[in-house]
Amino acid sequence: MKALNRRKLITASAVLAIVGLAATAIPAQAAEVGVSSTQIKLGMTLPMTGTASLGYNKIPGAAKAYFDYLNANGGINGRKVTLVVKDDRYVPTEAVAKTNELILKDKVMALLAPLGTANVKAVASSVNPARRGVPVLFVNTGFSGFADIKKYKTTYTVLPSYVMEAKIMGQYIKENFAGKKIGLLYQDDDFGTDALAGFKSAGTNFTIKVPYASGSQTAAAAAGWITKFKAAEVDVVILFGVSSATSAMLGVAAQLKYAPQWMLGSVGGDATTIKLTGVPAGVLYNAIGFSPVPATTDMKDEYVKFFSDIYAKAVPGSPFDLNVLLGMNTAFMTAQALKAAGPRPTRKSLMAAIDSKGATFANSALVPAGYSKTSHVGLTGYWVGKYSPTGDLSPIGGTYVTYTTDSGSGPVVKSTYKRPAMPAKGLPN
Amino acid sequence: MQLLNTLLIGITAGSIYALMAIAFVLVWRSTRVVNFAQAGMALLSTYFGYEAVSRIGSFWVALPVAMIGGALFAALVELILMRLLVKHASSGPIAGVAPIIATLGLLGVIRSVISMIWGGQDLRIVAPISNNGFTINGSTLVFSPLKLLVLVVVAVLLILLTILFQKTNLGLALRASAHAPEIARLSGVRVDSVRTLGWALAGAAGAVAGLFQTVNGNGNFSPDAIDFSLLLVSGFIAAVIGGLDSLLGAVLGGLFLGVTISFVLMYISSGLFFIAPFIILLIVLFIRPQGIIGVKAGRRA
Amino acid sequence: MFILGGVVLYFLSGVVDELRVYQGATIAVYVIAIASIILLTGYSGQVSLGHGALMAVGAYAAAVLRIEFNLPIILCFVAAVLAAAIGGALLGAAAARLSGPYLAGTTLALAIGLPSLANQFAVLGGEQGLLFDVGFPPLALGEEFTQYKWFFWIAALAALISMWVIRNLLNSAYGRAWRAGRGNEVAAQLAGINTARSKVLAFTISAGIAGLAGALLAMTIGTVSPSAFPLALSFSLLTGAVLSGITTLGGVIIGAVVLVAIPEIADVVAHRLGSSESVTTNLPGLIVSGLLILTVLFVPNGPVEQHRARKAKHAAQHTSSKKKDKH
């Protein structure tokens, strides 16, 4: 009797299971995910807490400041843009988990500016937004691999790649530091590998290269790096690491009275962030830095003035720095993309809008963006600046001289790009 | 020059590990438990110190405040958590693992509560004396008044604690309570109170480690700061290398670990930051499974 | 019993939404990993703070073979088990010389050091890791069969098989040898058990199982990188084992579910309370850690064991009172 009951149970379960599976096979009738008549929902993952979060955790506040301004002025065709933010603590597995929540639970329309090469890669292979057709807009990383449109079908970069930056740095060194000894500090992962590839392409020869394991950038470690650079007697030290590494390096250098010619990569080069960790402003004086967007202290620039005004009202007391400027700039570009996606935006129309019109989107960058049907590459260059006695980056000689290049073997050229004027009231037209 | 600086970097780092290792050894010697929450307690003590500095403005006041705060908190933990643990979970397969797990849980609780009260952002404690390197003959050493202070403090603590353990009745009571609690009780020793004292001392030592680790860096700290995770792991490894039974071993273990890691990072590769402690530990334990000054556990039939 | 479980899971994956299915796959991975801890610590009495590293070994083995030789997935998983088992055997041999805190320290250092070894060898992909792609579900299952359902099926099947194997092992002579060695090593040796060999065997098998869990974890996140196996993972496994009942294999599902469910419940609770940012982010961690302490204090042998003990006590009192009546 028992055996028969058991068999009946199993059969019943099997039937139910098959029915259940069949039921879920019926596709649901739905409007576009994340879009309602009143709202467009976007999702962002980045480190809000933890070692790597230094400086970057201001980005959501910055983006939201712009979106709130936008919403107060009619939004996108009457829809308010909302941003759901999740903390992934710079850990790829958490990025995957949080992104899953954003797509499956919060049901966002698109992912906006996820941060971190390893994180974006992990999400791409596990969550697979490309297969689901979820746009991944303006990723907050300069890894050149994301330009591969076959592999990352729905991903759009915005920051110039690390290869581009290294090539431009290499060119500047060739023109200004020929014959000098050069040292490099880089992160021991593909953030660093990208840079090495760029420097190789530029033909830069390093007297010493010092890698650091991501997560180990303490002051004690910095003392070790400095001792190495000192022993190699280099004239120029390039800091191609994250903000916490750069800050550690500069802070200890001050204590050890080590003052070579510093060259800071843009990822870790935000002066405000560095100074907040206690590095004296004088250490940065005369260091060389790079940025694709105008200097954050340049109040004569209409974008900088506009953004900093909005930010000061939205987050009073918080200093306006490079992270804020980039965050608001990305939000600004997103708004235009959403507007260009049409009165009934869908994920497909959003991406088509960037493909066709993205290169002409107004934004604060002083270099052109390269979006097209065959390219999801955003900005392609930098201007070269020096840090002032108060530790703020501004263009050498007072005027912006920008260089553009590609992530391949193309040359570094001086750019003649003239940035179009900002649209009225900073709203997409 | 490079050699000297490598050595100095290692000694400084090692001295702070030594402080942490002392805390681990104190707890082990008094209650035969490894307290994984030690770094969490050090972190909490650092926050106590921060509160003191922001209100009173002096690091020299903050240091004893942190030590007392750390000691009191550690004593509290022993009184509540450890006593309960002994009562409920000292038999069966869980007995070996229970203290480890309980203290791991405590570590998580401490971190979460700190984040809730003070928030997750960086706070700052400024060093009391200069951390600028000494300059000799035009070249600057990776050694400063602050680092010298750390070494002095470690040496003083070691001497004081050793005197306590070896030369005083209290110290005898501490040792007896750990090795032979029943006999100690019969001799009139208040074993439970003595154990609490052991934890309190460890809490104080951990507080010093936490404060110095913070100011020796750039002064910034937060619940998730790498510095405290490093303190936990390196301090524990240093204690194990030194042989958990001896305070001197803890200091030697700390210095050995610090110097060896420094040389590995300098002359082999600075990318080996996380692997080096592991390899060093393996090698030491392979050659001497009981640590440098450890006592081999006898077979108890 | 296991077959029935399989059918129920099959049914569940059909009606639940995708996020749950993904979480289900994660739960299955934890079930396997926690079971490996129960075997090693609960039954054989050896503490490992570094099972995350053993999971990493399995994951990397699977990923490398997949990328370099494009082996079928089954073989990759087998390789994961073997690679991790070898690692476990080495660790077990070292562990035989170490006791208590020294073993804990070694496994702790292993947990931190081993994953970052990947940065040193290009073939291991460095910090960004290696892609681990198990491929799309076979077309025979229909167009709508999502990737996550496929993960869930693979993981759940692996979990069922592993549990069956472990259960049999624990009930065998090996299991008895482990329990004997755990209780009183000298007595066990007198009874003729080679405790050293038995302990190394426990480590080896436990590691192999952890390696399988690691490869499955890699499957669910699609990449193998050092940051997927942090120290926190090793601690989570220990937590899960205690919550399940360190000697209760049947309880693994409790531990696994709690590990996956707690962050979400805490999130909901925190939002319901409408509390500040710092409370919301930290509540899950607080709850899990607090739960761990409470469990170790008050339910140290796990809920199932506690329940059984209480029932046994009741039964004993009942029979003794009956006996009294008889007199």
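Letters A, B and C name the chains as they come in the text, with residue numbers starting at 1 for each one.
Quick note on the criterion: a residue touches a chain if its C-beta (ideal position, glycine included) is under 8 Å from a C-beta of that chain, and two chains touch if they have at least 3 such contacts.
Since this is a predicted model, take the numbers as computed values, not measurements.
Undergrad: Find the chain most remote from chain C, comparing centres computed as mean CA coordinates.
TA: A
Undergrad: Using the touch rule stated at the top, which two chains are linked by the largest number of C-beta contacts?
TA: So the chains sharing the most C-beta contacts are B-C.
Undergrad: Centre to centre, by mean C-alpha position, how many angstrom separate chain B and chain C?
TA: That pair's centroid distance is 31 Å.
Undergrad: Please compute the C-alpha centroid of chain A, do the same for chain B, then give the distance between them in whole Å.
TA: 39
Undergrad: Where the CA atoms of chain A average out and where those of chain C average out, how many Å apart are those spots?
TA: So the centroids are 36 Å from each other.
Undergrad: Going by the touch rule set out above, which residues of chain C reach two or more other chains?
TA: 116, 119, 281
Undergrad: Give me the residues of chain B that touch two or more other chains.
TA: In chain B, the residues touching two or more other chains are 115, 120, 269, 271-274.
Undergrad: Going by the contact rule already set, what residues in chain A reach two or more other chains?
TA: Answer for chain A, listing residues that touch two or more other chains: 48-49, 188, 213.
Undergrad: Inside the complex, what are the residues of chain C that reach chain A?
TA: Per the stated touch rule, the residues are 3-4, 7-8, 10-11, 14-15, 17-19, 22, 116, 119, 126-129, 131-133, 142, 144, 147, 220-223, 225, 227-228, 230, 281.
Undergrad: Give the list of chain B residues in touch with chain A in this complex.
TA: The touching residues are 1-2, 5-6, 9, 12-13, 115, 120, 122, 124, 126, 131-133, 135, 140, 142, 144, 216-220, 222, 224-227, 230, 262, 265-266, 269-274.
Undergrad: Please give the residue numbers of chain A that touch chain C in the complex, ascending.
TA: 6, 9-10, 13-14, 16-17, 20-21, 23-25, 27, 48-49, 87, 91-93, 96, 100-101, 104-105, 117-118, 121-122, 124-128, 131, 187-191, 193, 213-214
Undergrad: Touching chain C in the complex: which residues of chain B?
TA: 28, 34, 81, 84-85, 88-89, 92-94, 96-98, 100-102, 104-109, 111-113, 115-116, 119-120, 229, 233, 236-237, 239-240, 244, 269, 271-279, 281-282, 285-286, 289-291, 297, 299, 301
Undergrad: Please output the residues of chain C touching chain B within their complex, sorted ascending.
TA: 41-43, 45, 47, 49, 94, 97-102, 104-106, 108-110, 112-114, 116-117, 119-120, 182, 186, 231, 235, 238-239, 242, 246-247, 278-279, 281-283, 285-286, 288-293, 296-298, 300-301
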